[in-house]
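Look for subunit A in each of the two complexes below; its partner is subunit B in the first and subunit C in the second.
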Partner chain A sequence: MRPAKIPTEELMTSGHLACQGCGATQAMRFALKAMGPKTALVIPACCWSVIDGPFPHTSLKVPICHTLFEAAASTASGLKAGLEMRGDTETVVMAWAGDGGTFDIGIQALSGAAERNEDIMYCCYDNEAYMNTGIQRSSATPVGAWTTTTPVAHYKKRPKKKIIDIMAAHSIPYIATASVAYPQDLIEKFRRAREIKGTRFMHVLAPCPTGWKLAPELSVAMARLAVTSRVFPLIEVTDNGSTWKVWKDFEQTPVADYMKPQGRFRHLTDKEIDSIEEEVDRNWQIMLSRERLSADLPGLER
Partner chain B sequence: MKKKRADNICMMQGNQACARGAMMAGCRFFAGYPITPSSEIAENLALSMPAVGGRFIQMEDEIGAMGAVIGASLTGLKSMTATSGPGFSLKQENIGYAAMAEVPCVVVNVQRGGPSTGMPTFPAQMDVQQARWGSHGDRGVIALSASSAQETFEQTIRAFNLSEKYMMPVILLVDEVVAHSTEKVVLPDPGGIELFNRKQPTESPGEYLPYRETDDGIPVLARFGTGYRYNVTGLCHDETGFPTNNPEKIEKLIRRLTDKIERHRKDITHCHKIMLEDADVAIFAYGSVARSARRAVFLCREAGIKAGLIEPTVLWPFPSDEVLETAEGVKAFVVAEMNLGQMAREVELASKCRVEVHRLNRVDGRLITPQQVVEKVREAL
Partner chain C sequence: MGEKITFKSYKEMPINAMSIADMTWNLTGSWRNIRPYYDFKMSPCRLGCPAMEDIQRYIFLVTEKRYEEAWGAIIENNPMPAVTGRVCFHPCMDKCTRKDFDQAINIPAIERSLGDMGLENRDWMKKVDASKKEKVAVVGSGPAGLSCAFYLARMGYQVAMFESEKALGGILRWGIPEYRLPNDVVDRVISQILGSGPITVRAETTVGRDIGLDELEKEYDAIFLGLGLMKSRSLGIEGEKGKGIEPGLEFLKKVNSGETVSPGKRAVVVGGGNTAMDVARCARRTGSDVTVVYRRTMNEMPAIKDEIEEAEKEGVHFHFLAAPKEVVRSGGKLAKVVFQEMELGEPDESGRRRPVPVEGRTFELEVDTLFTAIGEQADLTGIEKKVECEWNMIKTTGEAGETSSARIFAGGDVVTGAASVVDAVAAGRKAAGKLDRIFTSADEPAVEEPKTVGIEEINTAYFHQTKRTLVPRIPVEEALKGYLEINSGFLPEQLEAEADRCFSCGVCNFCDNCWMYCPDVAIVRLEDSYEVNYDFCKGCLVCVVECPRGCISTREEGK
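Moving on, here comes the complex of A and B:
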């Protein structure tokens, strides 16, 4: 991970309406530093449809279209087409959606836009549940987690949907995961994505102290542990979904260190956490094998 | 000596009362999608449904939730979903399907302000006409309303009974104030609740026709998996359930979908009537606004104004006969509602313009106050 120069200019200001320690606000702040002022946001129903706040206290210095829950990618497609027809080829349209609006209700629109290879960026800030409506499970909620609709009596038994695999299967030019604990990496990836034409999909893990039942000051630490425990690997998928690159230059930490400080996993036994760790390792090995496989493939000609 | 607290008296919010009512009505399947201000219904059922062997599924979106409810209902399970305005819009195609295929189910809509995302955390009554006409095509509609947690509990049970009886989706419209206000609810003895379960065929599978003409115009749909093979479709179909292009059969089907409600109007409609006998002005109000209207009636009476209240607990079919009857005895109507006159129009139609209909509307996300109703009554006189 090379140090990136982070612009001092802030396109997200203080005075937002997020909870303390919100990972989604950190993600936005860093992402906009990479994107710059020539960015138009399309935000479906999610925490961020509240966070930016009412005029004149809005915390974002870029234009925003707050759209419907299921419509981020489709509204962004139209907005980009409109801008192009008006002669504006400079502004980047970025859909900015939560995990519910990406993994669940918005996946049809996202899949459609990706298949058409619309010239948009799509960032999912993933706090792993419907946090804005009061912590209901989504298909991004990890296995083992408590939410209000997966109560402890029958906590979530199914793993998180593998959105990166789904997006890679769409053969789009750029896919990356990023973490608020590694802002330099995050900014570099958003910068790289900004310059590419076609659909670019970014997946940022955004710790949510409210929904994860976590002390707010542990938000960034948790984002880091998610990466070092390999629960949330930092990867890049290029060459239309065929070349995988996994960041491995860190000291591995146990999955338990990531899960134990979070109240949403409190009911889990050590044995259950061990079996989650096995699954995490398996997924990690699959990632690495893809990386090895793609290293042998000839690169795409551009 | 300390009095023992009765087990059947609880404090709960409207959404909890709805969930409790569903459980007591025998609902054993819930599919939903998170949306403010209805999410507590799902959250409560996520806990209580599996405890009695029922199924709770959080779906990937709103129309998916409606689809799952229809699927579960075909097996004979009493099924429900809950949502709010935007989600109600998204469900509409499947609500029409349930009406066409005559699949019973309950759809709760905790209304917020609209259009679009509108006011997720404030009350409104802007979905009243959507409940009637939201899905395309002609069909009869049953939509209930509730003005308190207690009534939400009771109306949820009634919604299941009506859906099972008339084989159709039944909509329960509440609003954010009713849904989120915590108040006293007296639960009935479970054995004392009258429950209606859908009819089942008596003939043999070989003779069975799902949409065969019946005396009451309501089909008898066999539970899937009981050996009765038939076809369910959203296309216009004949008595076998298979699609048809025969104009006579199509006409018969579409008329029946409306007539089965019209014929049973008296069994379905219901209004609370308060001090209407000698009233000069009748207030027409429903949902949380009816609570203000009740207060307003007493304030008016204290001031020597003869006001009364007609409060429908069933919004569709519209209580035309009751409104006309009321119109014949009063000098004016005041229709108070948190929309821009969606029901006032119906009151004008039903009262055949015999009296003037005054509108009291509020669309700022705040409840209409008793004082506002009193003022309007004074204007109307």
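Moving on, here comes the complex of A and C:
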């Protein structure tokens, strides 16, 4: 057999309940290819608690513990402790939560687990709103976006919460962002994270054609444009939150190319998009300056 | 496929709320409005190639380092890639989609590399034995004749080639200078073709003079005429016959046979085609000061563009909008040529503007040798009685080179007028195919308009802008010293780099994207293909967009 670009093992099956072109399912499929079968998932209320299928069915070949909206990180911590008690040091426990369960409702539990440096992985697949309950805004919804709770007349005026900064401030050993448009990079980062002890936080942008008012065939293209427009930079933060590495080896594209195909941004004027681009550029520069700063830091093992 | 579980009572339920079955009973294919399906197109380069070489496929095979198969893919349509890779005017490159992104792929250089590998690896050409009773006479051993003989022999027919010269090759041997196509390459290509199957050769036999077409008809089941154009057309001016004026083709023949030639200090070449360029550049190599005089302008020159550029680099001068009017001799030697100045008038039947003389405007050039290269003619002695000819060319009645006489086919320059090697190769192959269908009473293949793709169907996010890999060449000063081949072939790493640039337009090259990005795990990855699992495909069409090369088409369900 011809060598494949990514592992051929499938731990996610067909028949799941995700919408057409769902980025969250791509994220799951890639992540499990990296994690392997010795993985236990903890899924709070989110799209994935529906996608997986109705009781007593599942579309994943790894165990899942469905839990409360606010409890992903704490349930994962407990599950890990339980496995350790039973002498299972091999299985990795990974919380798999949406942006609502991470940025908003689950942030207290996540902050607690990270501060204790619990030996868990936490992946937020971010579709930038409460999608399965009807597209309500979350603190991960980007500035300018329409949602059912930020209608066009009152579109979201506040920027997306900087979750990576928050997590870096917890001094955990590994933080990374990844995109479904770059599966090899995503898989590599999950593999790297799998081997590290302590709290590891992964942030994957998962386009949602339904909530983004986007043609489903463009979901991967949007994920790619989010990266190349620098709206969603691919980064890694290591050395307990101190060393920043930003992926820059791409041909930059305008922010408008990313926003225009999405119906949730349709009401924005070119001027408004320009000011968003300025903000994107500012954040990008801050990211780069952190990278430069951490490169100059003495005495840290990298 | 898993089964859906429905509990009739709580007693059937597991003790914990845990999953005991998978979701594969849920055939999400029923959600689909639009169906994606694999639908490979024909790459535009292939459509641009007169010989229909499967360019995409051999470049793909090069990227996989499967060189023998890549060579085999060319040989299916062209038996002499070592020749065409050197001299073809490569219309494929004008069609290459990559030209709308950065620069077209250097297809001829890749073809040449494979052609040369085919000459090095002699076991790649598997010999075919005679398996059919029919015998075919092929008259002329230029590219058309060689191609026809090769494909007939591949199919097991017995072929007898007739050639009036001692050595085979026609225009390849006598018309193309060694700095473009070394004799050694011609020799090896011909010996490979002759050794590939039941082909016999009768050299120094001119059909129409030494042996009649009637005799051939008795002895053979069919005849293919690939006579070529081996006579230079005359200028039709006074004093043309005599010292100092030489037909370009004869000069090239002398050069290619290694004869010493000395056109003198000042040589003028009349004409604007490939022969004119070849003559001019050969004359430059003897140290002459060479001027090409053409009656139209640079834009109308029929010569291959690269050849014109090379000639300019080598110091050939050009004088446009002029034609010879009169030659002046003194003491039996050519002294001067009087030229008539021309201007462009209305377009003629070729679509080019017709040159017309400007009344009263002439000029003189001192000339030691004047070469004529205004076109070549066929020698149809003994042929025209048997098959209908027109404008001193053989008239064909069908795509495959059928003539007025049943079982006599013709192809190459003798049919089309001066064209190219690749056109002749294509004509020879078409005739061979048609003869096979006649002999076996097979049906004509159905002709379908091939679907192709353009830059709109290419997902350019998967490609980076790069420059075409150029072939290494010797410096002009070196080139002018003799007839050393100017372009050397690709180095292995250059071949790899250039093949990697190919978009593989419209044809799958197993990049895995469709399989990888499918959110529904509904693409099945097989050894040499992919399949859509319509039980589960929800019709999101991510695969269609993420296919970098436009291999997947769509249609509405229920229509």
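Simple rule for what comes next: the second predicted complex is superposed on the first by the 290 of 302 C-alpha atoms of A that agree within 3 Å, B and C clash if a C-alpha of one lies under 4 Å from a C-alpha of the other, contacts with A are read in each partner's own complex, and residues count from 1 in each chain.
Rule of thumb we're sticking to: a residue touches a chain if its C-beta (ideal position, glycine included) is under 8 Å from a C-beta of that chain, and two chains touch if they have at least 3 such contacts.
Everything numeric here is computed off the predicted structure, so don't read it as measured data.
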item	value
Touching partner for A:Thr13 - first (subunit B), second (subunit C), both, neither	second
Which superposed partner A:Ser219 touches (first subunit B, second subunit C, both, neither)	second
Which of subunit B and subunit C A:Gln26 touches, first, second, both or neither	second
Which of subunit B and subunit C A:Thr91 touches, first, second, both or neither	neither
Subunit C versus subunit B, contacts on subunit A by residue	C
Contacts of A:Ser59 with subunit B and subunit C, given as first, second, both or neither	second
Residues of subunit A defined as touching subunit B within the complex	45, 49, 66, 68-70, 100, 104-105, 107, 130, 132-134, 136-137, 139, 148-151, 153-154
Touching residues on subunit A, where the partner in the complex is subunit C	1-2, 4-6, 8, 10, 12-18, 20-23, 25-26, 29, 52-53, 55-59, 61, 64, 180, 183, 209, 216-221, 224, 228, 251
Of subunit C, residues touching subunit A in the complex	2, 4-5, 7, 13-14, 17-28, 31, 461, 464, 510-512, 515-517, 519-522, 525, 527-528, 533, 535-536, 538-542, 544-546
Interface residues, subunit B side, partner subunit A - complex	33-36, 39, 42-43, 46-47, 50-51, 56, 58, 60-62, 86, 90, 116-117
